[in-house]
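Each of the next two complexes has chain A plus one more chain, namely chain B in the first and chain C in the second.
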Partner chain A sequence: MNELKVFTEDQRDCLQEIVNIAMGSAGDSLARVVETFVRLSIPKIRTIRPNDMASALVSLSSSESDTVSAVRQSFQCDKGQDGLRGEALVVFSQESFQDLAELMAYDEILTPEAEQELLLDISNILNGACLNGIASQLSTSLSYSPPSILGQGMPVDELVQREALTWDQALSVEINYSLENRSFSCDLLLLMPGSSIDYLCIKLEELIEED
Partner chain B sequence: MAIPLLICDDSNMARKQVKRALPESWDVDVTFATNGIEGIDAIRGGKGEMVFLDLTMPEMDGYGVLEAVKKENLKCIIIVISADIQPEARDRVMTLGALDFIKKPINSEKLAEVLSRYGLL
Partner chain C sequence: MPMDIDLAAIIVDRIDVGIFVLNENMEVQLWNRFMQTHSGIKSNEMFGRNIFDVFQEIPERWFRRKVNGVFILKNHAFTSWQQRPFLMKFSHNRHVTGGVEFMYQNCVLIPIKDENDNIKAVCVTIYDATDEAISQNLVKEARDRLEYLSRVDSLTQLFNRGHWEAMLEQEFKRHKRYGDMSSLLMLDLDHFKNINDSYGHTVGDDVLRAVANVLRASIRETDMGGRYGGEEFCVVMTATTIEGASALAERMRQRVEMLKIHSGEVELRITCSIGITEFDANLDSHEQLIARADNALYKSKENGRNQVTVFDRPQPQV
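And now, the complex of A and B:
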């Protein structure tokens, strides 16, 4: 097992600010769709091992709900394996759907199919804005796989069974989006392999030196 | 006399970016604060007649600082510099007494434009 990669304090601070700016842009995109103020909190950035994956999922704010739904999408930059790549998971608390349906003026009853559509739509909005926001600040661009449903209306313990980390370590970036006076809560969890951490270290160092 | 200027942001990089974006000719005495609690203390201590304030911060966020300044009737001019670019975030800080709102990332052109708009240069 390789040693856990660590950022210098300056690199971590720089990455945190890049993620903040990307989160703000994704929050704004979400706010425009639901026409409601989106509450942002400070993103959590850390390096995890495959063993930490389950607790990372369980500790998400949206996982406080009895059941959750999640969407997975992978991303990769034009540099291929050596550039920025990884997986974006968007986890929604079950209560989120009723809120979304109301806010987006869905007239019909929320069928599992309609829920799926909402899941994919909102995930696309958040992933696109956030990941493009990160990529553009690093002067790179990303391509995406189509999003797929990882699980729908299941306890988080079951979701954990479906998402294993195949890398020996990963950079985990956790961003929560919630709506004021609503129970809507969803988390965007970005997971990137060790090679992306190396790539980020170089890119962040360049940005720090420009300063 | 130099104007006491406070830059309140939890990110070291963001604080440095703001400092670097300051107009060269501006005679200011810069103080840094890394969260809202430190920020409000600095304002109380007369270190922030002019304040550049972030919103999303630990301990106390930017909204908390604006509320405290209003409540305690502290004399300062606050310009919010934030990544929370929702129009609603701007409306809220303006209601709480901020002079203006600048979207992150900051640069010297944006800052100079806002400062000269209010005759602060």
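And now, the complex of A and C:
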């Protein structure tokens, strides 16, 4: 196991600033799509080990309900292995599908497939909005895999099997989204393993020197 | 090296992926060969036409929202065959071996930016996912079959003990949380060992199947009937008070008593002993509930068999 990577204070501030700006503009574009005011928590940034995954998931605010649903989606920049890449997890608490359906302009009957599509769509929007904001500030651009359902209606600690986590450490960014006058709320967890942290450190240094 | 634009155009046209481009008014700007082949509509016929005018099978509000999302958020969007089997109803290439009616499709909507970073169009790509869908459906069928087999007792087709106990446990938790009243029944055949000893196991199996049929016919759809072991059966009666459970148990006992079982040349009769108990939120576990019903069942045996006993009441119910 390698030593846990740490950012310098300057790097950390710079990263927090980048993420804050990205989240702000993400909330903005999201509000334009769903035509409702979007509330965001302050992004929580830290470095975690696979062992921390379970507790990171359990501590999400959407995990207060007995069961959750979650969607995963990969992202990568054109630098390949050495660039920014990772997976985004979106965790939904007691899924108020009717609420979601209205927001996303679904006027069809809510079959199980339609419910899944809603989860996938809203996750794709959240992930894209946040990550594009981060990428553009780092002067790079990202591509995305199709989102897929990680689990539905299961206890949060069963979402990710610890044995299946092959990375050593990852940068984790956590944000909670909720909508004004709606019961809807979800958590976004961006996880960028090992080499992404090195890439970020270099990029952040460049930005700090420019100031 | 600058990209060879002519070459790129040929590849876009010839690639085995559907590609078309829409402007903000949903009018087609590009229509590649895959699209021509599967829709039967030529590229020059599609150019400038509103996509919804030509393909009425596309749910307009849904697809418009999807495309608008790409324009507003400048971000990719996706659709998957697992949630929405197709965007356009094309026939597939597995004309002979397919066993499905249309081409399953995965779609990706890609924002096309101009030099000022504004979105001028949306490129839609359609991937044929029919092979994947067919094989996944086969896997799902096999999984459903395995799941069924793992839950059911092969002799009686009632739930097997493992699955039945898991269901009882769930029901007991529900009772503890919400207080829904349910009851539990345990049934044991009287002197079953004699049948096996005198007539052999084939006859014994026929008896078990006949009793299982009585049990199945006596319970409601919301009840859960299982084979607990050997010649012991069990039923969780949901939303049933002990009075309702007594009536059902007594009816079941009578039906078993009346039953004429034919097995080969043999005709025989059998009786059963039953114990019932209602759910009690004061208990810690569903096992304690089973112990109570079992306890009542043994009272029935002790008192001469062929009767129903309610737990904790000294006199058998008639």
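Just so we're on the same page, the second predicted complex is superposed on the first by the 195 of 211 C-alpha atoms of A that agree within 3 Å, B and C clash if a C-alpha of one lies under 4 Å from a C-alpha of the other, contacts with A are read in each partner's own complex, and residues count from 1 in each chain.
Just so it is clear, a residue touches a chain if its C-beta (ideal position, glycine included) is under 8 Å from a C-beta of that chain, and two chains touch if they have at least 3 such contacts.
Just so it is clear, the structure is predicted and the values come from calculations on it, not from any experiment.
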Subject >> Contacts of A:42 with chain B and chain C, given as first, second, both or neither >> reply: first
Subject >> First (chain B), second (chain C), both or neither touched by A:33 >> reply: second
**OP:** Look at A:69 in the shared chain and tell me whether it touches chain B only, chain C only, both, or neither; answer first, second, both or neither.
**Re:** neither
Original post:
After lining up the shared chain so the two structures overlap, which partner does A:146 touch, if you call chain B first and chain C second: first, second, both or neither?
Top reply: second
Original post:
Who does A:178 touch here: chain B (first), chain C (second), both, or neither?
Top reply: neither
Subject >> First (chain B), second (chain C), both or neither touched by A:20 >> reply: first
**OP:** Figure out whether A:125 sits in contact with chain B (first) or chain C (second), or with both, or with neither.
**Re:** second
Subject >> chain C-contacting residues of chain A that also contact chain B >> reply: none
Original post:
Which part of chain A faces chain B closely enough to touch in the complex?
Top reply: 10, 13-14, 16-17, 20-21, 23-25, 27-28, 31, 37-38, 40-42, 137, 208, 211
Original post:
What does chain C use to touch chain A in their complex?
Top reply: 59, 61-62, 65-66, 68-69, 72-80, 82-84, 106, 108
**OP:** State the interface residues of chain A toward chain C in the complex, per the touch definition above.
**Re:** 29, 32-33, 104-108, 113-114, 116-117, 120-121, 124-125, 128-129, 132, 143-144, 146-148
Subject >> Residues of chain B touching chain A in the complex >> reply: 10-14, 16-17, 20, 56-58, 82-86, 88-89, 92, 104-105
